[in-house]
Amino acid sequence: MTHSGWHFLQIPGPTNVPDRVLRAMARPTIDHRGPEFAALTLDLIPALQRVFNTKDPVVIYPGSGSAAIEAAYVNTLSPGDRIVVFETGAFSLHWKNIAEKLGLRVDYVPGNWRRGASDSELESRLNADASHEIKAVVVVHNETSTGVASRLPDLRKAMDRARHPAMLFVDAVSSLASMPYRHDEWAVDVTVCGSQKGLMVPPGLAFCAVSQKARAAGKDAKLPRAYFDWNDIITQNAKGFFPYTPATNLFYALREALQMLEEEGMDNVIRRHARHGDAARAAVRAWGLELVCEDPREYSNSMTAVFMPEGHNADNLRALILQHFNMSLGIGLAKLSGKVFRIGHLGHFNDLMLAGTLCGVEMGLRVAGVPHKEGGVLAAMNSLAQVAEPAQAR
Amino acid sequence: MTHSGWHFLQIPGPTNVPDRVLRAMARPTIDHRGPEFAALTLDLIPALQRVFNTKDPVVIYPGSGSAAIEAAYVNTLSPGDRIVVFETGAFSLHWKNIAEKLGLRVDYVPGNWRRGASDSELESRLNADASHEIKAVVVVHNETSTGVASRLPDLRKAMDRARHPAMLFVDAVSSLASMPYRHDEWAVDVTVCGSQKGLMVPPGLAFCAVSQKARAAGKDAKLPRAYFDWNDIITQNAKGFFPYTPATNLFYALREALQMLEEEGMDNVIRRHARHGDAARAAVRAWGLELVCEDPREYSNSMTAVFMPEGHNADNLRALILQHFNMSLGIGLAKLSGKVFRIGHLGHFNDLMLAGTLCGVEMGLRVAGVPHKEGGVLAAMNSLAQVAEPAQAR
Amino acid sequence: MTHSGWHFLQIPGPTNVPDRVLRAMARPTIDHRGPEFAALTLDLIPALQRVFNTKDPVVIYPGSGSAAIEAAYVNTLSPGDRIVVFETGAFSLHWKNIAEKLGLRVDYVPGNWRRGASDSELESRLNADASHEIKAVVVVHNETSTGVASRLPDLRKAMDRARHPAMLFVDAVSSLASMPYRHDEWAVDVTVCGSQKGLMVPPGLAFCAVSQKARAAGKDAKLPRAYFDWNDIITQNAKGFFPYTPATNLFYALREALQMLEEEGMDNVIRRHARHGDAARAAVRAWGLELVCEDPREYSNSMTAVFMPEGHNADNLRALILQHFNMSLGIGLAKLSGKVFRIGHLGHFNDLMLAGTLCGVEMGLRVAGVPHKEGGVLAAMNSLAQVAEPAQAR
Amino acid sequence: MTHSGWHFLQIPGPTNVPDRVLRAMARPTIDHRGPEFAALTLDLIPALQRVFNTKDPVVIYPGSGSAAIEAAYVNTLSPGDRIVVFETGAFSLHWKNIAEKLGLRVDYVPGNWRRGASDSELESRLNADASHEIKAVVVVHNETSTGVASRLPDLRKAMDRARHPAMLFVDAVSSLASMPYRHDEWAVDVTVCGSQKGLMVPPGLAFCAVSQKARAAGKDAKLPRAYFDWNDIITQNAKGFFPYTPATNLFYALREALQMLEEEGMDNVIRRHARHGDAARAAVRAWGLELVCEDPREYSNSMTAVFMPEGHNADNLRALILQHFNMSLGIGLAKLSGKVFRIGHLGHFNDLMLAGTLCGVEMGLRVAGVPHKEGGVLAAMNSLAQVAEPAQAR
């Protein structure tokens, strides 16, 4: 198929990579053991720490987000260890599955895929675990399959109240650099992320921000590990190097993307995503469609998942929108397959891209004959124009 | 200023250059006297001829569109020669000014900048010129300052009826590759174009398609010429070379862009621009604003010029839209300065880019407090969705 | 530091990435669950199979070469399984270390780092293992730390003669696409490779070509695995997809690089590397320096490791060459640290790049005051010019 | 034809464009009437002035170097004006031909194409012109067809001694940013240059640095001019704009290239070219071949022209080198056709690129059976290694 114009990549990641980042990535590869590479690493890591809001080391893996999940487990736990994973959607299921493949025991706290992790549930489970069998709690911050963002500060408080020593593992893959994230303040032990969402980099890098407590847990952890062992990486990073060949060109991309985030200012980045989340939800409401997320306190600002009206298949709509309007929307995952479509509005994005995106959905609904009310785009414009923001002076 | 997301470059050229074209342009420069370069030229020229719908040579200059205007004159005329230029807007004025700087005498046929060249006026002027003093007639096909497209087939017929030997020079800078253009069928003698509009290439190349009659006129033409002399270029082009160093990397860009036009299919390209012209005008009407173009037969499909309501300055609106919405619109040129803004919708473009563009205008009008009715975007979506077109199978 | 001109990246990988590949990589990222992505995968895998000379599946991991080593182990073996690893240099040590971290028992066959794996030694060890405790034999095809290439056909024959069921794992990281490699013909069970050497792609992708026997072994393999589990990948690859987000832009790079290999013709690629290996060794001999590789049957054609004269440190020479001549050479690894420098001459390379490389070494030896004879470059030119090869007609 | 590895573009321009410059050029095109474009222009022009060593305006044309030659003439002279052009080679002839096409009268001072312009000859001609009929003197600084650099300081002194008011026009196309150039100190009236040589940018931009005297001469100049009229350009440049669409993406390239020159430091750039000129000539002498340039005071440091031995055709050698060694050398121009080949060693270049280049010539001579002595490369290495320079600290 041939399309004119920009492709609107409105899945909730990989996101639209800025052309600056793509060009930065196209620099010739350099010696990963030379001084220029060391300088690159020594630039990157503090810049990443600023994004994670942490003083802890941030470990970079050549790999997808799943690599960082596995790294979180194998560096801290032993076969048979018990962990709590909150069921929030398809990515919580992914964490559960990986844990089980590695031989961990998972308490999977049931959920309806429309709400975030419950702080009261967490508190009562921890309180019930007097023997401290639970070694770690896993929360997907922004559940990419549903557009529900768990309230991490509340969850942290619940853990504190329970005075339970379990580690807290957070999946920030689709929240980092688009919604507020505070690794240190929330005392997260391992924050897991990937390069391809708010960080505006193509897929291929995975990250773990690692607390002192997580590193200490590694001393007794018995899960076998080699590739994912973060000790050697952290040690070699001090001088700017890695124990095996890093993905040099993705590092270039990351450096440029982090530079862009700093130019815009992280507060502005967060505020931009908030405006876009509001506008997207205004459109959905005006169309008369139903959001997956039930609780306004848990709305995601990086993406919006929408139920199709009964009797209409989301994948047909998505295919038609791709074919007619050159836009990719996210599929419904796992049990939401066919029932939900997802609109990504994170990363390198602005008001007119969102406007074009929502026009594409509105026209798509119409061309596909999906029952809806006109006026979603108008509602979004009303939302956006009220709080239109001028460009940031550098 | 720092903006997130794509910049919407919605001036009527330079247009949004496809990333494919930008990457093609970034190939290393090669020897302009070697076999690889010759093959490049020998590919390019026939592909250009297909776009101009001509079998005549198409001459490529390193230069802006103005270079091609000057080339048209100096290769065919002598000092003091009389030509007719139709006043259609700022670009017709540009043709007049260049002609006068070069020592030509210009009959500037007055116009109101809202209509195209008049075929009846042309016919009567030619009929009145029994001694055939008039050597050339200049028509700007799509007047980029107004969004008015002169009806070339009617003008051609008028010249034929008058049986007058004047040459016909056409400025197709903002029409080629977005509106139908037929150099041979319309018996145009010199068609002038630039790289940066429908051809989707950055600025820096200028083109003249040159009829046999124009080449023959050159034998007696006394205007001095060196850089613009097309004879030597046409001769050396036969083997793939140029008399002086060509702009190699822009050639790469052009080859890729022509390839993209062929993949989409020129008929589809034309139809796409027609759909977008319709939708843009539907939006303007729904806003209650006034189009510059008066005659529906002369609507441009590559851009739309819009009058501001009395008492509102177009440049304020444009500055605000740039600042808040990261979109550039075209300024009002010459006597339309401040009174008109122009929306480019040509080149590498699609429905959602247009939708985003029109949302930017609608929100801009609102933020700027310019009186208008809501509903422009909705009207445009109605127009587009009625005739939504799936991607072309390759 | 600022240098003019090209950087000569003459480490034995990452290698100089072709500008075509870098530009291909800079294409915008696409939906990894859409039809365009599926087509990309379905193009890539057969093209990879042609390079590995196999009909077996080739699994692509987002990761470094080390990821593929770990994948080979965890997909086929159980804790406590015994394997044989031939000590050939630092990369054989890397295989051993990873195996031990994962809980395997390693028979590390001692070597002097100047010779390849011994077929007679292999045969006797297998014959001695009547109970078939040995589950796998690991051979580093081209030992990147030494420039010694083990003779795989002979090793295969030894295994066949011993009629031992052990699997054969081969590290082809620095041999694939530069030296002959035949996964099927040599009945290799897992061939491990990375993107950043002969394949001319930046680092970040790892590959395993996987025999039927290796897949079958997986059924009883007890090492925990999630990220590296190749079953799900192979299954989903059939339709062009992956179980987790693939490194899309590196896929673009890989597609372009494989296309370049096919344009040149794999036989020509192999012959080019052979010419360059000969010429590089001719230079070393003429300088009066000593090759690490002792046996001419085991010369590597992708790189050359050279001993420094007694009392001279290789890292000083390397640093000086980087500073004065803008060239990176490979360090001596592990026990060869400081004693050896390595010249990469694989990947996107040609006669004049090799000539410039060797001039850099010769001038570096001189500037650094390292005792040597002049004439290395001259010897290399003699070697190259004898068998100069014209460009391949496409 | 398909080649592996870098193409060595060793013609004396276009030169090897740095990958940084190519990527900078691939940025999306912007509005040439917006604030970002103005900032670009206002950055570029002072940076250009620093390279020309002038406080005079530097005018940028979208065009080849020939455009700037024509601009020099039409902005300052009238039909029938008399000028002096020194015959130094093919480019002096080009200046003469353009002048004559435009209706100027040319005193072409004969030369043997092996020496630069004679200061004594200039002085006597000016002294003989008591009536000051001569309006301008044209000198090609570095004659790209011969590798002879005229001694501008001596020529300037001759003009000063003669107290003649003629303007001085200098072609610095292949000297600027590789050999010392001082527009103000030498009181040059128009310095003409192009983007594609020492400035390391692809072809497509032409430059005129214009003295007050040259601008004043324009008031009475009667040659018709429109495209090349520099008055309007200089006026609009004050605010960062241009009277017609500038070649935006080449501006990006130029900005990056000027940035690179500043990072290296212009003195270092000049010294680098001097080292390379010395080394290239050492190689030619060692081969026993003859330089075109007769006078060591006039050696070019940006390129070297070499006579073929009697009975051997330079174009055969060049074709063979292109085919076998993926290197383009410069052809013999005009009367030197077939007799001379030219080695470009300017722009983005370093010791190992020069070494590779000279190896390519030496191997080419050998494969082509051209009589020569071995040892050119060795002589060049001796020359380079003596004065090897470390990278510049930024």
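For clarity, chains are labelled A, B, C and D in written order, and residue numbers in each chain start from 1.
In this section, a contact is a pair of C-beta atoms (placed from the backbone, for glycine too) under 8 Å apart; a residue touches a chain by one contact, two chains touch by 3 or more.
A quick note: this is a predicted structure, and the numbers were derived from the prediction, not measured.
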Hey, which pair has more contacts between C-betas, A-D or C-D? C-D
Quick one: which chain's Cα centre is the longest way from chain D's? A
Averaged over CA atoms, how far is the centre of chain A from the centre of chain D? Could you give it in whole Å? 54
For chain A and chain C, what's the span in angstrom between their mean Cα positions? 35
From the mean C-alpha coordinate of chain C to that of chain D, what's the distance rounded to whole Å? 45
Check: chain A positions touching at least 2 other chains come out as 1, 16, 19, 22-23, 26-28
What residues on chain C touch chain D, complex-wise? 1-6, 8, 16, 19, 22, 260, 263-264, 269, 272, 323-327, 348-353, 355-357, 359-360, 362-363, 366-367, 374-375, 377-378, 381, 384-385, 388-394
Chain D-facing residues of chain B, complex: 1, 7, 9, 11, 13-17, 22-23, 25-36, 61-67, 70, 79, 97-98, 101-103, 194, 196, 202-204, 223-227, 229, 244-250, 322, 328, 331
Can you tell me which positions in chain C touch chain B when the two form their complex? 19-20, 23, 26-28
